[in-house]
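Pasting a structure here, questions to come.
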Amino acid sequence: METLIIILIGILTAVATYLILSRNIIRVILGTAVFSHAVHLLILTMGGLKKGSVPLLKEADAPYTDALPQALILTAIVISFAVTAFILVLAYRAYQDLGSDDLHALRGTNDE
Amino acid sequence: MVEKILLTALALFAFSIAIALYRIIKGPSMPDRTVALDMIGVNLISSIAVISIVLKTKAFLEAILILGILAFISTIAISKYVERGVIVEHKSDN
Amino acid sequence: MNTSQIIELGAALLILLGSIMSVISAFGIIRLPDVYTRSHAATKSSTLAVLLSLSGAFVYFWVHEGFISVRLLLGIVFVFLTAPVAGHLITRAAYRSKVKLTDNSSDDALKEVLFPEDK
Amino acid sequence: MNNIIVLPLILPIMVGVLLVFLRPYIRLQRIISLLTMIGVACISVYILNRIQTEGIMRLDFGGWKPPFGILFVADSFSALLVLTASVVTAICLIYAFSSIGERHERMFFYPFILFLVAGVNGSFLTGDLFNLFVCFEVMLLASYVLVTLGGEKAQLRESIKYVVINILSSWFFLVALAYLYGTVGTLNMAHISERVAEAGQGPLLTTVSILFLIVFSLKAGLLLFFWLPGSYSAPPTVIAALFGALLTKVGIYALFRTFTLIFYHEPSITHNLIGIMAGITLIVGCMGAVAYKDVRQIASYNVVIAVGFMLIGLAVGTQTSLEGSIYYIIHDMIAKAMLFLLVGTMIVLTGVTKFDQMSGLIRNYPLFSWMFFVVTCSLAGIPPLSGFVGKVLVGQGAIENGSYVLVALAFISSVVVLYSLLRIFLNSIFGETIISPEDELPLKKGLLIPIVLLGIGTISLGLEAEVLSSYVSDAANTLFNPSIYIDAVLSGNK
Amino acid sequence: MPAQFLLNLFIAFLWMVLQDEDELKITTFFSGFLVGIGIIFLMHRFFGTQFYLRRLISIIKLFFIFISELAASSVLISKQILSPKLKIKPGIFTYKTKLRGDWEITTLAMLLTLTPGSVVMEVNPEGDMFYIHAMDLEKSKADVLRSIGKFEKAIMEVTR
Amino acid sequence: MRINDVILRTVTKIVVFIILTFGVYLFLSGHNTPGGGFIGGLVLASAFVLLYLSSDIESVQKSLPLDFKMVAAFGVLLATSTGFGSLLLGVPFLSQTFAYFDLPIFGKTELTTVTIFEAGVALAVVGVVVTIILSISEDE
Amino acid sequence: MFSVNFAIIFPFIIAALVPFLYRRIKFVHIGWFVMLVPITLFILLARLIPSVASGKTFFHTYNWIPSLDINFTTYLDGLSMIFGLLITGVGSLVILYSIFYLSTKESLQHFYSYLLLFMGAMLGVVFSDNLMVLYVFWELTSVSSFLLIAFWNHRKASRQGAQKAMLITVSGGVAMLVGFIMLHTMTGTFSVREIVLSIRDFTDHTLFLPTMILVLLGAFTKSAQFPFHIWLPDAMEAPTPVSAYLHSATMVKAGIYLVARFTPVFGGDQVWFWSVSVIGMMTMFWGSFNAVRQPDLKALLAYSTISQLGLIMSLLGLGSIALNIGYSADSIIYTQATFAALFHLINHSTFKGALFMVVGIVDHELGTRDIRRLGGLFTLMPFTFTIAVIGGLSMAGLPPFNGFLSKEMFFAATVQISNADVFSLQTFGVIFPIVAWIASIFTFVYCLIFIIKTFLGPAQPEKLDKPIHEAPVGMLISPLILCAFVVGIFFFPDLLGKYILQPSMASVYPTFGDPKELTPSIYAWHGFNAELMMTIGVIVIGALLYNQLKKWKPVYGLFSQKYTFNMLYNSMLSSTEKGSTIVTKGYMTGFLRDYLVYIFVFFIVTVGGFLFYSGAFSIDISTDASIRVYEAILVGVMAVAAVAMLFAKSRITATLLNGVLGYSIAIFFVIFRAPDLALTQLVVESVTTALFLLCFYFLPEWKRETSSSKTKLTNAIVSIGVGVVVMLVAFSVLNYEKFETISRYFENAYELAGGANIVNAILGDFRGFDTMLEVVVLFIAGLGIFTMIKLRAKKEDADIEN
């Protein structure tokens, strides 16, 4: 199972990398979203999969699965939500004012 | 016996999800994809219910309801997007 | 095999039935010719499927752990409440975004109301 | 009870949130935010002195003993950085009062600044690696907002790059954390250090450490600085100044912390890599600094050069060089803020961005112009200004260690810094006066005072380096002997 | 009707007290309430008004009508899907309903949509005309119209 | 033909209440079962999102005249000030306490300062999510 | 007791006060007040001459940064006394001169501030014992010189000259600083005195040679030695008093001071001998050779200064050989070179100072320094002419002027060195007298040019803007005083030798016993020996060359302007600039994609590379949990959904696929027993999807990526690389089983924190701090989005600054 999930993580990462290298800003943002999917799975996998029961004390018996990675992922999910929301709005604000969603066109005019 | 049946059921739900994914990728229209997404949501609900039985835990029953809620909200949002482009309106026409 | 085991088996079979329904409706969204007919398959058959599996789970937990899950009941109610609305909204959106009906459709009472200019 | 060490983070946050409620009262917002930063500065002075008498301070949040809970650890290094960051921010706030304008102020400018500082201070203080990630995010989100604040075209354009690259670096950070957790199974930095030492670091942990190196290098602008020049030249002056002063320092801090506290067992790999990266950073930074005529670009590449310089201290890794880097970081925070305020003000006053389009500012704004000269000398490491001591110590450490190439690059770079800024000085400050008295924009006192304050800072920090020396040497000592930090965190629970 | 409800509560309370348990239990109260329902249903004509839980019964009735329709038409649809060759002629037809008001219309529309073979696509702005998509217009239109009739009746029993 | 959203609106009226109740439940029960401030807040926020989706900003604002920015700010303040309380009490920052009480109706109840903390979290989440959605939607 | 530290600080204090004084005192030239500073200091120093002459030294320390061994330590000995007297003495005269030279319309407060700043810094250089402090003052002299050269900063030439001077001298200074640090690394001290005492133990140290070269770089750049001399002619853009003071009498001699000061440290080394003496000789030749062709009087003097500095430098080099041989009766003879160097140093200051003032007078009174427009001034400017003759002939090495004495000693030293039998001097030593002689010929020529072309011959009033007239008395006083020294020293050289030079010889040769032995008596007449013959040769050939100047001047045409060092410097700067621009713009393309590719490639190369290089990669699938069919299908669904995102034709399809990914991850969270995560993931994914849809309203549908197939291929390779590296490290980490995680502790959550949901207890309590900050993150994002939408750039604002 771990092997399978790690391969999945690899695929997700590769896809995310390809997306983030795109010219279109939406593809880039989707790339960041896929990146976060991949890393959430990674954290969970690195913490060890299926090693115990649900980390609810009254509900199940020990041994419990590692709860700490879960807490970390939760934090990471919320943060990546915040960032995604921000960059989405940034993207459309940039489109409104610069008239392009193509990062090639958003190159910027460094002097000279 | 029961476990085997449940795992079979799970595999079937997963299979349905895979089929729905095909529809999402294939389209051709956006409503087609929406229908398929809705279907994935519904199958996930079933899957969670079955997994809960397999894992002998009630911990995921909240997830079922939440998934129901969210599938609904997502469908509304996408439909409105397809229909009007705007999903939250300033002021209703009527 | 005692009673509760039999009931558990029944619950499992209920779930299996639900999963089969689900696969059938999944085939539906592949086989059926347009989004409108597909939405029939999706909104109904899968509603039934989820209904079956949730009921199965509900029965299982009731029998196996003596636990009446309000959440599962609520879930069932919720699916009932929302699935038709979703179907309604999707097909409406499809029609209004001019997704074509399949060619062998026999009648279209909406066309003259919504897109009279296309006639 | 060491609760006081959470104040540099929590005070700005709470005040920032309170200011949201005080949105219409701009004057009140100004006063409160300034007082907060002054307060934090005073608190950090207190903390710094307490560390000297009582040793490293530590606060276990919620009372959970390490390594299980999150904790703040204040050693001299952290406290010095917190102090400098707070002082620089306070001064920049004064500049903002007369420059940023009511529109921005009404749009939560002060809360965002306070959040930024909170994130920065939190990053300096935290003793937990995942919490460091979270503190980074506080800082980054605030910086994302600040870099776009105002919505100018250039800002929107550059901020996309800035945000995406930082998202990527945050992603790398999480990946690195996942690997680290998968190997050593803990998040407390002291505890990680202990376990890494127990395992003898080894090839896999070294691989993970390289990933951390990438993460923090992206933040610090070490070699991977591509986001920096653009995003530092787009936002309003005061924001650019704060960025120039604070943001890269957090990455630098993290590099210092991780590669002295945790991954210090394979210096032939990690520290050499840092050295190579620092060397290349110096070279390309120098090239960038002479490649442009845009004064903000020049200032931005000066940031890059300084990053390379500071990291040489880490790459060399002797106590002397670490000490030098610490001096240099403190110096650079002040001087870079000053430089960005100066070039930004020049652009406002002249309406142009390139130094060959400006001329003779010294006739119109003499004191301002002299401040530019001061910062030029200071950044070039000309004594007795603040850059000097750090430069000497880094050089000394590198020579002791036999890292002659780095020494050469470091010292040549300071000549390039001099050249790059001298070009601005000679072309823009000196020269024929082209602004006639009637076209001359008045230079508000509110803009001049903070610059002068920073100028006084860089001069007095050079002349009075002895005041800092005991703190800095304590900081370097703690960095050089990780056991001090580990003991303070993991033993003798208070 | 509130009188019936109060009486029901009273019966339940009485039931609970009569049990003479150590502590007051919700479950006992609940069973007492059920007993009360039975008693009041038998006696409701004495009040000269309808049984106060009549609507509940109607709802249950509606539910069962619906379940049976759902099951029947699900089988139909499944057959259609699984038949080797699709022989359907879908289409949209209109239906003018007697029902009025948001709740009635919504309920009907939902029931219609849930029963396979029909989806309510639009409601006209006046709220009395449904545009219904049928899976197989020729064959199932009659079925659908029959179902609509049943549903309308059952709904009115609940609401009116 | 104008769109008639009667079905959506009618169903939403029921559904929103289910979601709100569920959200509060998730928030309160998080200490022992899945849930907590974040999830509770997110679910509550999705209830609001549903309201905005099915209706429009103006009519929702009429019946719910809240500045969600302030809600969020209040939430953050609440969450941080539980930590600040520990400063006054002289215990480590963010120390949480819990105790069991016998309350009349609820029976044996556990009361923790975490709940206040989580309430702050929930409010902040609701406030932020709705602020984001409203800000975008109100943009011209 | 007068502290030397005070002497250094005093000018700085006054420099700071000058701008304020200037505002108060309007009725009189501020220079009069300023002049009191060097006069006071000169007197104070002069009072110490007898004690210093008797071998006493003065040592004083103020703590500055004691923890780093950087202290303000001053050391007054014979060597520093010479320079101290020069700085304050010439300083007084220059200020006096400047009072008449600079009108009150100039910004005098700046001028005198800089001048005092320089004076203090220069005193600091020569009196500091601590190398770091010496360096501080060293750079301050560069800075103040920069400011003085750029005094008329509206002139482009001034600015360029200032920049060149600053860059070259500061670069040299930086090199010297590194040398100093290396010295500290070797010896453990920054004190020159202590280094001199302990250096013997370190001559074999690997750093010894680099240190020496670095220190020499500092000295050579400051003293305008070949090929760093190019800044000095350009520095002539400074007002003439500055040229007289900084660029001939004092600052440029800081390098000489440094070499003299460090002779006891490095002097025993062969490299030191050769580099100092050869560079000095080359400089001497090149300077004198180029001086001849200068039409600008000031430029002529600048090259002459370069040449003379070379002369002094080479003498110090020659003298250092004594240290190699060691203290013996034989080696004493070589110390005479050093003696000559110090002697000439003083002489040069006197005659060159006077000559600069002459040029200043000519420039000031007639408005030009171009010898092609001058001539025949002697009748109308008799005093100036007299000064020029005295100074010029002294420079040419003729009696009865002090230049003759030191020039003769110079010749003597070169002749002696060619007979030495170390360092293969028997073979190469003959070069020294030859080069010295040739250079002296050119020196003689330009001295003649200076005197004759300016003052003799026909006057050309038509080429002048102003009538020819004598300078005011005030401007003549200073050069006349200097001329008095020029003549006076010729007649009473031993006074100088005994009181001034003798103690400084003790500083250069601390190990050579009684300095009296090192102090020869100076005679104008010492018989017909080699040096006198050489002098006569110089006069004869020099006069001949002057006479035939027109015939051989075309020789200079051979030295194309393209290949001068100046051009080299300029083209180096501009090509650095151009090259930097090309390189920087080459990689800073402004394309986000490129930056990301750099980062990814760096990641692949370092992390992936090291993973394999170190053998850290390992994989073991035997401990894997089992895979169930539905899990496998779901993994497949995710993989397909992810890959399909790449090919999605519309953005909303891609968004939906992302939603599928999100929902599928939620189900994996269920499978992996993470209920809280599943819940959060579901809600967040839905809200995110809604946000995408909200924002799509404002954004256009995406177009096909039109990147070239090469770009696409690169992207694909990079993507696969990143995926693979992440995967491989993950495998290895999974297989790394050394430590138990800390999370067992949290399983007591109920007892510890009163919560049965461990994850929630961690979030709310154990790691509540993370959660608190996370809320802050969310809040910032929300507020930021609000701001971004509401606060827009004003249309009318220019896109330059907020």
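In order of appearance the chains are A, B, C, D, E, F and G, and numbering begins at 1 in each one.
Keep this in mind: a contact is a pair of C-beta atoms (placed from the backbone, for glycine too) under 8 Å apart; a residue touches a chain by one contact, two chains touch by 3 or more.
Labels paired with UniProt names: A = Na(+)/H(+) antiporter subunit C; B = Na(+)/H(+) antiporter subunit F1; D = Na+/H+ antiporter subunit D; E = Na+/H+ antiporter subunit E; F = Na(+)/H(+) antiporter subunit B; G = Na+/H+ antiporter subunit A.
All figures in this text were calculated on a predicted structure; none of them were measured in a lab.
S.K.: Quick check for the class: compute each chain's Cα centroid; which one is farthest from the centroid of chain D?
M.R.: The chain lying farthest from chain D is E.
S.K.: Sort out for me whether B-G or D-F is joined by the greater number of C-beta contact pairs.
M.R.: B-G
S.K.: So which chain ends up closest to the centre of the protein, judged by Cα positions averaged per chain?
M.R.: The chain sitting closest to the overall C-alpha centre is D.
S.K.: Using mean Cα positions as chain centres, tell me which chain lies farthest from chain A.
M.R.: G
S.K.: When the centre of a chain is set as the mean of its C-alpha atoms, what distance in Å lies between chain A and chain G?
M.R.: Measuring from centre to centre gives 49 Å for this pair.
S.K.: With chain centres taken as the means of their Cα atoms, state the distance from chain F to chain G in Å.
M.R.: Each chain's C-alpha centroid was found; their separation is 63 Å.
S.K.: Where the centres are mean C-alpha positions, what is the separation of chain A from chain D, in Å?
M.R.: Going by mean C-alpha positions, chain A sits 28 Å from chain D.
S.K.: Averaged over CA atoms, how far is the centre of chain E from the centre of chain G? Could you give it in whole Å?
M.R.: 92
S.K.: Chain C: which residues touch two or more other chains?
M.R.: 25, 27, 39, 43, 47, 74, 78, 81-83, 85, 88-89, 91-92, 96, 113-114
S.K.: Do you know which chain A residues sit against two or more other chains?
M.R.: As it turns out, chain A has residues touching two or more other chains at 20, 25, 28, 42, 45-47, 53-54, 56-59, 68, 74-75, 78-79, 82-83, 85-86, 89-91, 93, 97, 103, 106, 108, 110, 112.
S.K.: If you look at chain D, which of its residues touch at least two other chains?
M.R.: In chain D, residues 13, 17, 20, 61-62, 130, 134, 137, 141, 144-145, 148, 151, 153-154, 160, 164, 168, 175, 178-179, 181-182, 187, 230, 292, 353 touch at least two other chains, as defined above.
S.K.: Pairwise, which chains touch?
M.R.: A-B, A-D, A-F, A-G, B-C, B-F, B-G, C-E, C-F, D-F, D-G, E-F, F-G
S.K.: For a test of understanding, state which residues of chain G touch chain D in their complex under the given definition.
M.R.: 63-68, 70, 132, 135-136, 139-140, 143, 150, 153-154, 156, 159-160, 162-163, 166-167, 170-171, 174-175, 177-178, 181-182, 184-185, 207, 210, 576-577, 579-581, 583-585, 587-588, 590, 592, 594-596, 598-599, 602-603, 606-607, 610-611, 614-616, 618, 726, 729-730, 732-734, 736, 738-743, 745-746, 765-770, 773-774, 776-777, 779-781, 783-784, 787-788, 790-793, 797-802
S.K.: Contact residues on chain E for chain C in the complex?
M.R.: Counting only chain E, the residues touching chain C are 70-71, 73-74, 77-78, 81-82, 86, 88-94, 109-122, 124, 131, 133, 135, 137-138.
S.K.: What part of chain E is in contact with chain F in the complex they form?
M.R.: Those in contact with chain F are residues 102-103, 105-106, 109-110, 120, 122-125, 127.
S.K.: For the complex, give me every residue of chain A touching chain B.
M.R.: Against chain B, the touching part of chain A is residues 53-54, 56, 59-60.
S.K.: Can you tell me which positions in chain F touch chain B when the two form their complex?
M.R.: Interface residues on the chain F side: 2-3, 5, 8, 15, 18-19, 22, 26, 33-35, 43, 46, 49-50, 52-59, 133-134, 136-138.
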